[in-house]
Amino acid sequence: MEKFEDLGFSKVDYDREKRQGFPEVIYGEGKSIEQIHLIMSKLIEKHGRVMVTRVDKEKGQLLIEAFPLSKYDSVSSILLYGEPKQQFAGEIMVLCAGTSDLFVAEEAAITAEWMGCKVNRLYDVGVAGIDRLLAYRDQITTASVLIVVAGMEGALPSVVGGLVQRPVIAVPTSVGYGAHLQGLTPLLAMLSSCASGMSVVNIDNGFGAAYQATLILKLASEGVNNEITIS
Amino acid sequence: MEKFEDLGFSKVDYDREKRQGFPEVIYGEGKSIEQIHLIMSKLIEKHGRVMVTRVDKEKGQLLIEAFPLSKYDSVSSILLYGEPKQQFAGEIMVLCAGTSDLFVAEEAAITAEWMGCKVNRLYDVGVAGIDRLLAYRDQITTASVLIVVAGMEGALPSVVGGLVQRPVIAVPTSVGYGAHLQGLTPLLAMLSSCASGMSVVNIDNGFGAAYQATLILKLASEGVNNEITIS
Amino acid sequence: MEKFEDLGFSKVDYDREKRQGFPEVIYGEGKSIEQIHLIMSKLIEKHGRVMVTRVDKEKGQLLIEAFPLSKYDSVSSILLYGEPKQQFAGEIMVLCAGTSDLFVAEEAAITAEWMGCKVNRLYDVGVAGIDRLLAYRDQITTASVLIVVAGMEGALPSVVGGLVQRPVIAVPTSVGYGAHLQGLTPLLAMLSSCASGMSVVNIDNGFGAAYQATLILKLASEGVNNEITIS
Amino acid sequence: MEKFEDLGFSKVDYDREKRQGFPEVIYGEGKSIEQIHLIMSKLIEKHGRVMVTRVDKEKGQLLIEAFPLSKYDSVSSILLYGEPKQQFAGEIMVLCAGTSDLFVAEEAAITAEWMGCKVNRLYDVGVAGIDRLLAYRDQITTASVLIVVAGMEGALPSVVGGLVQRPVIAVPTSVGYGAHLQGLTPLLAMLSSCASGMSVVNIDNGFGAAYQATLILKLASEGVNNEITIS
Amino acid sequence: MEKFEDLGFSKVDYDREKRQGFPEVIYGEGKSIEQIHLIMSKLIEKHGRVMVTRVDKEKGQLLIEAFPLSKYDSVSSILLYGEPKQQFAGEIMVLCAGTSDLFVAEEAAITAEWMGCKVNRLYDVGVAGIDRLLAYRDQITTASVLIVVAGMEGALPSVVGGLVQRPVIAVPTSVGYGAHLQGLTPLLAMLSSCASGMSVVNIDNGFGAAYQATLILKLASEGVNNEITIS
Amino acid sequence: MEKFEDLGFSKVDYDREKRQGFPEVIYGEGKSIEQIHLIMSKLIEKHGRVMVTRVDKEKGQLLIEAFPLSKYDSVSSILLYGEPKQQFAGEIMVLCAGTSDLFVAEEAAITAEWMGCKVNRLYDVGVAGIDRLLAYRDQITTASVLIVVAGMEGALPSVVGGLVQRPVIAVPTSVGYGAHLQGLTPLLAMLSSCASGMSVVNIDNGFGAAYQATLILKLASEGVNNEITIS
Amino acid sequence: MEKFEDLGFSKVDYDREKRQGFPEVIYGEGKSIEQIHLIMSKLIEKHGRVMVTRVDKEKGQLLIEAFPLSKYDSVSSILLYGEPKQQFAGEIMVLCAGTSDLFVAEEAAITAEWMGCKVNRLYDVGVAGIDRLLAYRDQITTASVLIVVAGMEGALPSVVGGLVQRPVIAVPTSVGYGAHLQGLTPLLAMLSSCASGMSVVNIDNGFGAAYQATLILKLASEGVNNEITIS
Amino acid sequence: MEKFEDLGFSKVDYDREKRQGFPEVIYGEGKSIEQIHLIMSKLIEKHGRVMVTRVDKEKGQLLIEAFPLSKYDSVSSILLYGEPKQQFAGEIMVLCAGTSDLFVAEEAAITAEWMGCKVNRLYDVGVAGIDRLLAYRDQITTASVLIVVAGMEGALPSVVGGLVQRPVIAVPTSVGYGAHLQGLTPLLAMLSSCASGMSVVNIDNGFGAAYQATLILKLASEGVNNEITIS
């Protein structure tokens, strides 16, 4: 099989599933409806399923008409076609600090579900009301991987990171104003965090966080090289 | 009495105590030992007491020799001469996130004490170990004013701000590296905080935080305009 | 009573009045009209009153129709329902530098009034016409707490801070252009101020300044821990 | 057992091993030799082992004299006392772009080894000589987790991220000049990467990358909640 | 002949062809349709040909009506009138990293063609799928000059720069979000590149890259000062 | 006479006095003692006088030994040789906000004096003690041109600008810390000032301010083109 | 006469003409049509004339209807009512680098004319075609004050500054893209200029440049303190 | 022959001469004397010649002792061993704006010479004295490629770019202060230049500019693909 197909404006990467574990996902922003349509058709033909992120409502409507089997979620701006081909053990918890961060949290949650993960949502648990967060401490400590979404000062991942012994992926959001600098402030704050075991993805990049979280569950599901653990 | 005296390089502000409640404090950085010596002499003559901040160890040693009644604290880099003239009711709690933030926390604590406040110190209670902070919840909620010092991601004031009904003054520190940007990151994060009732001072400005905290206790001690509270 | 209620997209914080002295205030920006409506209903049910900030005119109109007892102020973009439950002694002065800063100054003034404070407004007293400011020196020096709102170079709080012995809370605004950097310049300038006893909140955050000012009057009204003042 | 001990300047966190899987690690920068000595003693007493990062050569020499069983590595500036208590299955590959990035790569490698991971080092494989990197493609694709360290333009993680189906943790370094902005440029570039499954830690934070990589292997070693994988 | 003509709002530079090798090109952004029309007329009169860049669709439509012999390309936003007067030996390769970068890549390609160069396009060969790029290694190494267009993290030019012995001109694009900072991140990353023989132009400046690439082919075509090469 | 002389590393500009009104001034920073020595000799030979700015104490000492008729001022770091050739009518007032700004204020004052202006110094009149400034209002309003030097928040020029009908040249200084950003904050604040008739020079550029102030007095002294004023 | 009048939202400054030489000018941006109307009426009543800057076309149309004697210029967005009361000797030259900078250049030119200055316009003389600029060298060297407007890299003021012995006021514009940073780049470049006798105003602030230029001509016209020039 | 050799800390790239036209050059900064020594030995063994950049004086002295046939230049901080293997036709002109930029200009000049180019130096021709530059117009217009080095406001490349029809490579330097931002200001200014045919390299990167300039002469020397030029 050819590894990629050249559409002129795009070289569709058919090799990605073998190389990276999952078929290519289409980033919808900045692509025309015609471009998305053509790449979707190619990917559905090869893989039987496809996900498109950052699809605004207008494009979403048009694509659902073109692909009646697809589903569009307006909170996360994601268009889905097809079902997960596998289901990974473990659970990803997606936390978010405030109601306004929902669009990013849902991008993470829906991506992870579509890639084959079980997701537990815990929303509106910002650090300025720490009791709300701690009320869920048991659930938090038993999650396999945690995606923590926060705008404003971006403090939530640091608190969560200190409660668990599992990987935490922090996602800053563009929700805030003034000194928040469109998300640069929580991004830099998360990178400066004193909590261990935490890494960070780009502002509003719920997709990227879910992708890495899924790779972690995939690694855990597949086992790590048959080596023996001594403890 | 003359309101100020012109020393050429400086106009010493004798009116400040009457106008602002406290005599002029000398900011030591960038001033020569001769300049500090002369201004100290003038202020001691007028007010019988003086505080100098940002005095490095070498200058501190020289000034103690010149003013044997003065005391120098090497953690906060503060030089003190004389005692508080009044003692305000209430208590200022100074919290800091990590051991490396001590130099700022102590600048705040010693300033507040010298201005006439009772200070309660609670150090090394960063948010990545939230249990350490919450172990002191009772003390925290009974403080009159809270000064919260933090470097790294600067998340501590948001958590504290959500626990109390008293004013919180946040102080970012220059302790951190990389994305921390010499303290700009916690500064901006604190300004973007979702906690209510909180304001912020400049990076490492423990003095400024203590000054405002003291003005709050002073206002509370002096009463507010004899008006009647309806509740 | 339950401490919070989980609406899925939001966990409404019923405990906040007990914990922080005032019921939860709704930040309207980025929330849908349905979300605001539901949270308002819940908070009115529990507390009999609610405030919503950052409500644009269109949403304001719809919410007034839904809650006929509410009032909407288009300068500050605030929606109010109910009256203050207490009235604090003392007076908050709100100053602003220019006519264009009014929207922030009014957010501060209306918030403080709704929380139970007496407010004195002094508008358009920018430092480039210092005589206008100094004409009100008596009023300025007798205020209990001062909120100083300024865009452009943000110099007004420094001048005011040098005139008084009461806490000054500075609010930079997004009013300006070019080197003003959407308010970052006055924000940083206020943080770098040489005036003592002053702290700063986020750009355009009139609400936050009023909240802290009210906590100060509340502390003064309630007294500080029964301790004795020696002076 | 007490959860932490208050040394005044520090509250040593004895609970961390239980809560987070590993005992507290000491961040040496900004701490005095006396402070490090005291915290080390406490941690050795409780856990029998301790790691200190960011220890300069002078402090390293003094601490080795005080703790003759400890070892100091001058490339990574890490001081170690004791051995790993467990050994995780799988392998972490640490790649770096250039010779000057070694100090960060070694901080990652030594941390991971001390926490119980097998580490494979692949150094000086920057993208401007892509053949050197691709010569190791087999090793790269079989690693369990990849830590990719790069200064300059920070492009290496994007290329590596496109080759594998395992989590990639990118570490920007402060190695570069001019437009490199002390590491901010590769940090922002890595966050903007088009590669999937990649997250980022702070500039020069080899420790943080290794910590998260180890948590991933730990999760894989311990299994994920007994759930069944369908594929 | 006069060297320039003063239209009041503009001084049309007739001397540029002699001085710089090509007639003035009109930068369409920020100019009114009347201004463009007048300058176009003057330049067509003098040189028989003209190119206008950054012409939006509405202006493009109006100008085509006014100049029926002109052609408008909506991807690159370029309006062309007339044909190249010369054809240079050699070949410029234009590469771009992703489908969304096309508008910049085409600005470069069409500019170079109109100035008299042969162009080879290689699109959607971003580094996260390095095999797609390397599949074209032969074409890449035989190009005379390479223009490499990339948004996101801007890594493509570094990889290409390491494959060739010809000049590489890197063009960052404004395609990305969050930490991408509207193109500043790939701009700074390209400037920090470890690849030799590479220089950079402004964000989205496909025109500028093509202009310099053409000057290089022109120099090669015209020979370099009749000197003798010793090798 | 030749317009300039080529020393290889430097082309000394003998034409500058005719073209720009004053002979070339040597910027000492980054030049070796040999380079300064040679350029000084050339300029003394042509003009009989020379000024060198940014000369540190060590270089100053060496140059005084080499040119015994020269004078070195350690506050402003200026080396002077020769006297003014003309004396302009009018008076430049140099104000500074704090004692630490003296080195910049003196660079301005000494430059202006050496270029032939009468200078009136008014130091340590920062806006946080507005009465000290206003005590000199008469002197301020009668100055011909005002140079206003300030670090910290840089508010002084705005206040001064509002008091006078003469040109104000603002000079931000690098004196401050944290949010002051090495002088960027007062620089941007001064540029954002609401005062009219004010312009700004680079951080610490007392020389540049004095140069422009002198050109203004020179213009006034020489008259403006013999035209008639109607009023 | 009262020095100012309090309109509530604004304190109109009637004293400004006496204090600063010119009546208050209204900055139109961010003010409602009602606010501008009321302040205009007050100022016309007191001074018989008024200028309003930053008036968009819609507001301009409405104000012309309200004040039929006023004139609106759509290039500079200035509304004028009344004539200059005096005419100053000398000439201000306004130069701009490109056609797109016209809106700023005209703001400067029209302001200066309205304040009583003769203005000479020299437009589209950017440094990349240095011959166009030098063709006007005679006019440039005989101007009394020069306002130099430039976007892009902002190099024009440096070249002009090196040609004259008169004050140069540089105005950066927001015309550019990418690395131009909405005008920050030419602003910083102008401040870093190696030309002497030059100062800078805010981005797009043609008004401010003209105001200072006029104050310079006013000073020259009024003479400088009757002192005697020795030359 | 092996393509590279793995020294552990470094993979020496023996293939680079074949792939990129020139053997690997060692970037000396951040490498230990032992590392440089070992890589130098390997490269001399393979290629008979080597260049090391950014070598400080102390390292330079030690390396000359170790390699007595090498030469060290303290202005450019370059260490050379061996001679050019080829000589390209054409001439590179290196211009710099000021005396303080010499260290960058010489890095460019010496690199180009060592790579086989003829170099013409034109130093201290900053735009604030435009006549000095224009005095060399003939030489400037006949150069094959121009490297233009400038600190401060970075305006020189724009002027030069407008005079020639040859490629211009601009090099910003870190020479300046305040608003110059360690070279970021001229870097961004050069990228925003209105001159055509110009590209930019990193701050102080004289080496990079020379490398690209040499590749251009190499291309011209080798001819461009045997294609026929129609003109």
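Labels A, B, C, D, E, F, G and H are assigned to the chains in the order they are written; within every chain, residues are numbered from 1.
Here is the rule we go by: a residue touches a chain if its C-beta (ideal position, glycine included) is under 8 Å from a C-beta of that chain, and two chains touch if they have at least 3 such contacts.
These numbers come from a predicted model, not from an experiment.
Asker: With contacts counted as defined, which of the two, F-H or B-C, has more C-beta pairs across the interface?
Answerer: If we tally the C-beta pairs in contact for F-H and B-C, the bigger total goes to B-C.
Asker: Taking D-H as the reference interface, identify its repeat among F-G, G-H or F-H, namely the pair sharing over half of the contact pairs by residue number.
Answerer: F-H
Asker: Starting from the mean Cα coordinates of subunit C and subunit E, work out the distance between those two points in Å.
Answerer: Taking the mean C-alpha position of each chain, the two centres sit 52 Å apart.
Asker: For subunit A versus subunit H, what separation do you get between their C-alpha means, in angstrom?
Answerer: Measuring from centre to centre gives 45 Å for this pair.
Asker: Rounded to a whole Å, what is the gap between the Cα centroids of subunit C and subunit G?
Answerer: Averaging C-alpha atoms per chain gives centres 37 Å apart.
Asker: Can you list the residues of subunit E that touch 2 or more other chains?
Answerer: 129, 162-163, 178-180, 187, 191-192, 196, 202-203
Asker: Note which residues of subunit G are touching subunit C in the complex, please.
Answerer: 3-4, 8-11, 13, 15-16, 27, 29-31, 35, 172, 174, 182-184, 187, 202-205
Asker: Provide the residue numbers of subunit E that touch subunit A in the complex, in ascending order.
Answerer: Against subunit A, subunit E makes touches at 99-100, 102, 123-125, 129, 131-132, 135, 175, 177-180.
Asker: Applying the document's contact rule, which stretches of subunit F touch subunit C when the two form their complex?
Answerer: Residues in contact with subunit C: 97-98, 126-130, 134, 152-155, 158-159, 161-163, 176, 178-181, 185-196.
Asker: Flag every residue of subunit H that touches subunit E in the complex, lowest number first.
Answerer: Touching subunit E: residues 19-22, 25, 85-91, 118, 142, 144-145, 162-169, 187, 191-192, 196-203, 208-209, 211-212, 215-221, 223-231 of subunit H.
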